[in-house]
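Quick one: structure below, then a few questions.
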Amino acid sequence: MENILNHIGIENYIFLSVILFCIGVFGVLYRRNAIIVFMSIEIMLNAVNLLFVAFSTYHQDAEGQVFVFFSMAVAAAEVAVGLAILVAIFRNIGSIDIANLKNLKG
Amino acid sequence: MEKNLVLVLLLAPFVGFLVNVFFGKKAGKGMAGALGTVAVALSFVLSVYFFLQVNQTAKPIAVKLFDWISVSNFKLDFGILLDQLSLLWLLFVTGIGSLIHLYSISYMHDDENMHKFFSYLNLFVFFMITLVVGSNILIMFIGWEGVGLCSYLLIGFWYKNQDYNDAAKKAFIMNRIGDLGFLIGIFILGSMFSTLDYGQLKAAITAGNADTAKLTVAALCLFIGATGKSAQLPLYTWLPDAMAGPTPVSALIHAATMVTAGIFMITRLNFLFDLTPFVQNIIAIVGAVTALVAASIGLLQNDIKKVLAYSTVSQLGLMFLALGLGAYNVAVFHVITHAFFKACLFLGSGSVIHAMHHEQDMRRMGGLRKIMPITFMTMLIATLAISGIPPFSGFFSKDEILMTAFHANIPLWVIASLASIMTAFYMFRLMYLTFYKDFRGTEEQKHHLHESPGLITFPLIVLAILSLVGGLISLPFGNSWLNQYLAPLFSEAHHAEHHLGTTEYTLMAIAVAGGLIGIGLAYNKYLKGGYVPKEDQDIDGFAKTVYNKYYVDEAYMALIVKPINGLSNFFRETLEPALSRLVYGLGSLANGLGSLGSRVQNGSIGLYLFAFVIGFSAIFIYLFLANK
Amino acid sequence: MNTLIAISGLGIFCLFAEIINLRKAIVPVAVLGLIAILGITVSEFDHPSAWYNNMVIVNNFSVAFSSLFIVLTIFILAMSGDFYKDKPSKFSDFIAIKIFLLAGAVAMVSFGNLSMFFLGIEILSISLYILAGSDRLSILSNEAGMKYFLLGSFASGFILFGICLVYGATGYFDVAEIYALSQGAGLPVWFYFGIAMILIGMLFKIAAAPFHFWAPDVYEGSPTLVTATMSTLAKVVAVATLYKLVTSLNANMPHLFQVVIVAIAILTMAVGNLLALRQENVKRMMAFSGISHAGFMLLALLSLTTAAGTLFYYTAAYAFAGIASFAVITSVTKNKATQNVSDFNGLGKTNPVLAAVLTMSLLSMAGIPIFAGFFAKFSLFTQTIEAGYLVAVIAGVISSIISIGYYFKLILAMYNKDADAETTSFPWVYTVVAVLAIALNIGMGIYPGCMFDLLK
Amino acid sequence: MDVTTLLLLLFVGAVITFIAGDKLASKVALLFSAAALGVTVYLLTTVQQFSSLNVSYPWISAPKAYFALKVDGLSLAMVLLTTALTPLIILSSFANQFKSAKNFYALVLFMAFAMAGTFLAADGLLYYIFWELALIPIYFIALLWGNDAIEARKKAVLKFFIYTLGGSLFMLVAFAYLYHKAGSFLLTDLYQLKLSSCEQTWIFFAFFLAYAIKIPVIPFHTWQAEVYQKAPTVGTMLLSGIMLKMGLYSVMRWQLPIAPEAAKTYMPLVLGLSIAGVIYGSIVALRQKDLKKLLAYSSLAHVGLIAAGCYTLTYDGLSGAVSQMIAHGFVIVGLFYAAEIIYRRYETRTIADMGGIRTQTPKFTSLFMILVLASVALPGTYNFVGEFTVLYSLSQINVWYAVIGGTTIILGAYYMLKMFQNVMLGETNAKLFADVTVGETVVMVVLIAFLLFFGLYPKPLLDLVNPSIQEILTQINRS
């Protein structure tokens, strides 16, 4: 079956995803605002989702796209929990800077 | 029957020991003393019985009691061998032992622990019998160590005085140094010949195909053992100190019996020493030098028992000289006569000390001749004997040694003769200072002076008589009884008789003259000159060196004891904690690493994420890049 | 599969129980229900089956581990009744979340498809995020929850990427298919990239160095019972899953992977034990102890074909000892602000039973016979030696020696010091759980064969 | 009636002692330990063929392990040592008032159980388990009922525990490796292994580490003196009397026959270490100020000699080592008991605070003296038999070993007599020393009677042990 991958090549999708994933990783590493960190994690996940879709097309197989739904649902749940914890933290210390979370160490 | 009698002979003193240990206190002092004496006397009677039997039949009595120790290449029985040599020793051990027990009943009567004293004495006699009658070297070793133990117990009998305890300890440890040599000798013999039984050893060694070098080492080791027990150079220093013990102990153990164990051992193993001339030479030299050194120290001692102690060392040296020259029978002869006169001397000095209320310094004595005539007479006889004046027993035995030395090696003869002259000098010095002139002690002592009771004088008299006539057993004319009696023990070589020729008579004359010179010098200085030795602080010059025993004890202290103690302190205070710290150090290292790690774990999420990524990258690089 | 459904049903029941005012019944019902489910699960032993196009595969491995998880959950739930009694309004939530967590755990060991695996791990993780931060008013708990969440979802991203790459390389999520393909040659390199990423994600979950940093902080900050859950149940689940993943995805593990495993195992043991030495907080100490045990368990990956039984034994031994010790720790520190070693002073006198149980569980973790921990370590060592990695065994031995240092610190405190504060009451349920758990541990020690042989 | 009964008896005894409560604990413990002794003696006297008592039940299938016990003269002799000393040790403690006595005596019996198990085990895993089990009770005994400041004690016992456990873990690795090679832990299978010299070397040293720490051989001894000093006397007795014999026994039973080639290759090294221990221990003991520490170092010296005997790989060395092990067990228990008797009256272990005791208690003095003499291996005591045989075996390897090792008879006499002099002799001590009680006398007399009897007539014990030693030697010399 004719598809776009014949023209662009699966490698490029992989590279794109890797780049996106790395952007996410660096976002997580360098930002201290919890919300932005969350968003960076979302970028990582979505980079993967993108790749899933690409592979799904590559293999002419729907499973990959189904998996994307799973992973989106999971990501949503995860972020919900994360935000809830964040709210609790904000109520306790009035800040969402993760650099302030250094009570536990040693 | 015979076996039972042998057992009684052996165990009677042991039973005496047990009874005295457990019931002595309740039985009372007289009872305890009597019991101890009877036990030893019983052994003596049996010894005489067996002696007569063996003397007649010339057949040794051997009894096997039970299987004892076995090692890979041999088994040892606990067996008893009553032959000419052991019986001879038994006779004077139990005989003199009985007399000294008798003597002690009176001598120790004031001591609260008298029953203990007798139990120890009995134990000593038991071990001495064991030493003598065992059928193999290891049993001898049991007795050997056992008498050492009793010596330890008895030297330290007055245990409240730590100096005495030190002396006891010193005796034990010095002995143990020798014992190690003895043990090593036993090991070498055991592994060479797969037996330690005298008979089998003799057969194996005389078969003549043994490695001489190894034999030499073994003999040397055994001799080291003998130097410990018999107080020869360099291990002699314990014996003078051992005089801390009660005087009967000095008489029995440190003069008559125990210290002759070394001579017994070498005589017992004469077949071994005969094959190792190198060791024999060493023995002769050590003996002669010991005789001279000890005699020279004896010249200036003021403690009456110390004088006797050094004289013992010196006499033992003469015996070793004889042993080294292969004249075992001569050595044995001197052992016997020495036992008589030295026991007599010690007991006599004990009598004096008893009278003087435990004063032993001759500078505080004098003029006792009239107050204690029996003591004086008996001691005089013994002194004449030790000085080698005919016809007293010491003359014959000492003369034989000198004669043997002369025939073997003139320098040794010179040394031995010098020692004899010194002996005569210091013995008469002792007599003059003690018994002549005026009393130099305190008034109080003078007031209490008295002749000792019968229980003390009786043994003295018996021993004096023996000192007088003891020489009869081996008169230098023809083939003496002793030599014949002992002949089965020795190889043929020793049967060569002395032909009394001019040389021999000249030698005798020289020896007697030497003795007389010594006596004369002493007479001149102490009786005629009325000289009384200086107080300790006034002694100076070379005399001080001699008086302080050439500082040998101090040298040992500085060269051996101090370094070991220093090492001990070093180990205890430095090395042990260091080792300990090493172990703790490992723990601290772990703790330190832990602290370091804790610092990395600083609570920062960023760092944790960073570590994750680093770890991830490292693994990826290793897996997919580094190995491409 | 029946297990999974039943567990989920039980969880939902717990949520409903709140609505129909049956709060008091929740714990007994949950415990009884789990016991029943345990029966169901065990009955599936030796009856392998596959469900829903191989989404879920039930085999002896999954049954054995599921049963272990259920037993652990029973213990944890039994303690929850007392632990949450001053938080009645959230009671059913906590219980339900723990049961859902169990469902995730069961899914993780019985997956037949990577999507099932991913769902399982996320259910487990999200439940744990919630539980870690569940003490809403405590900043420490918040911090623990946040740290766990951030790092956990970061790691999830890696796992997801790994799954994606594996899918891309093979075109399948079904592990059996992937396994078949991995036997052949010609897979693109990103297949191995994917495997590596999944493994690294799992290494994070079991807290292997250098991915371990979250564990001590999270363990310390979380409510004690949650710490117990994480250090026993969650750790065991992660290890079992890791093992299952490795065996089912890639039987012929390249030598390079083994080297990495050995290196990480040694590093993990060292880091865990060394850092534990300096800890005063018991929960934190147990976290490091758990890290070091993760290092040991990693050694099982070196002998994939034979180690299932050993791993099962090790995890069970570790988990029971952990439950026993955490039961004691929870009981002792229940009304205290801190959980320091000094809080255990004099326990030997005030409550000898708890002290004895804690001692025994620590001895088990230290690997002293006759406790199960010894056999676990020993058979792991044996297998590792057979696999040819003596160096890993030596490292294990050395770290075992180090571990005595901190385990005994606690024991010494219990027996050798007098109590600082007045004694508080010790609810009976903790004691019962502690004694039962340690009894199981000792039973395993006296007759280890029964468990070693299960997964032949 | 077999050895399993014996083990069960001790184990059940421990449980019942615990149940019996504080008041009855000591009596119950004594009863059970005496019963165990009875069983041992019964077995020794009635059984003709010891191998008929061997036990072997399958226990674990993977790794394959058996509950296997090997009964021969050697193991029975060691069991006898254990069961004979345990009641004496328990009896000796009757005068002490231990808090929570039930725990204490239960631990003592449990330790006896573990030690007897170690001596009997014929399966490596089982052996290792017993070996480690013995460690736990002594740890608690020393920790909970010990002397001195708690911090120092804690440090000492922890070091002891970590040290010994650390050593044994390497042995465990060796066992794991052996299992990998042989497919079983059974002694018989391990004996049949053919290991390369490299394998033998590291297995030999893995075992050596475990045993050298337990025995202890220098420089692995640093735990010893501290623990001996800190532990309560009962613990010290158990440690020095029985437990360190576990190490020596294991050398004979496990280390040498499994790695004989390595044992031959490294003989100079291990012999050197052992003999160095003799001198080192003696010299350190010379200047000790603490009575228990002095005895600890004397023990170090003596076990050095025993270890040397083991490592000679000769019949004499092994046989002498066994004799010496038993003899040392009895004598060191007696000596520590003497120290305890003094401590009960003077509340001190510092030698300088003693002295002048002899006048007040002649009976105790005599008993103590005999023990001192036994410890310096005076002929007539069992110690002499052992020491003589060991030194003889050393002289067969090299006379200089015997000479250096033999210095123990000199140095030993030196420090023991010095100790005795300072402790017992001298001017009568101002402090009252109550005469020894009947119980105290009984314990010491029994110990001494044993030593003297077998000193004069060691044949029964030698006959008991020697066939096993022959067997071990056959294993060592297999090609």
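Per-chain numbering from 1; labels A, B, C and D assigned in written order.
Operating definition for what follows: a contact is a pair of C-beta atoms (placed from the backbone, for glycine too) under 8 Å apart; a residue touches a chain by one contact, two chains touch by 3 or more.
Just so we're on the same page, UniProt names per chain: A = NADH-quinone oxidoreductase subunit K; B = NADH-quinone oxidoreductase subunit L; C = NADH-quinone oxidoreductase subunit N; D = NADH-quinone oxidoreductase subunit M.
As the structure is a prediction and not an experimental result, all values here were calculated from the model.
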By C-alpha centroid distance to the whole-protein centroid, which chain wins? D
Farthest from chain C in C-alpha centre terms, which chain would that be? B
Between B-C and A-B, more C-beta pairs in contact link B-C
For chain B paired with chain C, centre-to-centre distance based on mean C-alpha positions, whole Å: 77
Cα centre of chain A to Cα centre of chain B, whole Å, reads 98
Quick one: chain B and chain D, Cα centre-to-centre, how many Å? 37
Please compute the C-alpha centroid of chain A, do the same for chain D, then give the distance between them in whole Å. 66
Multi-partner residues in chain B (2 or more other chains touched) are 587, 598, 601, 603, 605, 609
Would you give the residues of chain A that are in contact with at least 2 other chains, written as numbers and ranges? 25, 28, 98, 101, 103-106
Chain C residues touching 2+ other chains are 146-147, 150, 154, 216-217, 278, 405
By the document's touch rule, what are all the touching chain pairs in this structure? A-B, A-C, B-C, B-D, C-D
Touching residues on chain A, where the partner in the complex is chain B: 25, 28-29, 32, 98-99, 101-106
Under the definition above, what is the set of chain D residues touching chain C in their complex? 59-63, 125, 128-129, 132-133, 135-136, 140, 143-144, 150, 153-154, 158, 161-162, 165-166, 169-170, 172-173, 176-177, 179-180
Under the definition above, what is the set of chain B residues touching chain D in their complex? 21, 66-72, 78, 116, 138, 141-142, 144-146, 149, 152, 156, 159-160, 162, 165-166, 168-169, 172-173, 176-177, 179-180, 183-184, 187-188, 190-191, 217, 564-565, 567-569, 571-572, 576, 579-580, 582-584, 587
Report the residues of chain B in contact with chain C in the complex, numbered from low to high. 587, 590-591, 593-595, 597-598, 601, 603, 605, 607-609, 611-612, 614-616, 619-620, 622-624, 627
Inside the complex, what are the residues of chain A that reach chain C? 10, 14, 17, 21, 24-25, 28, 34, 37, 41, 44-45, 47-48, 51-52, 54-55, 58-59, 61, 63-64, 66-67, 70-71, 74, 77-78, 81-82, 84-86, 88-89, 92-93, 98, 101, 103-106
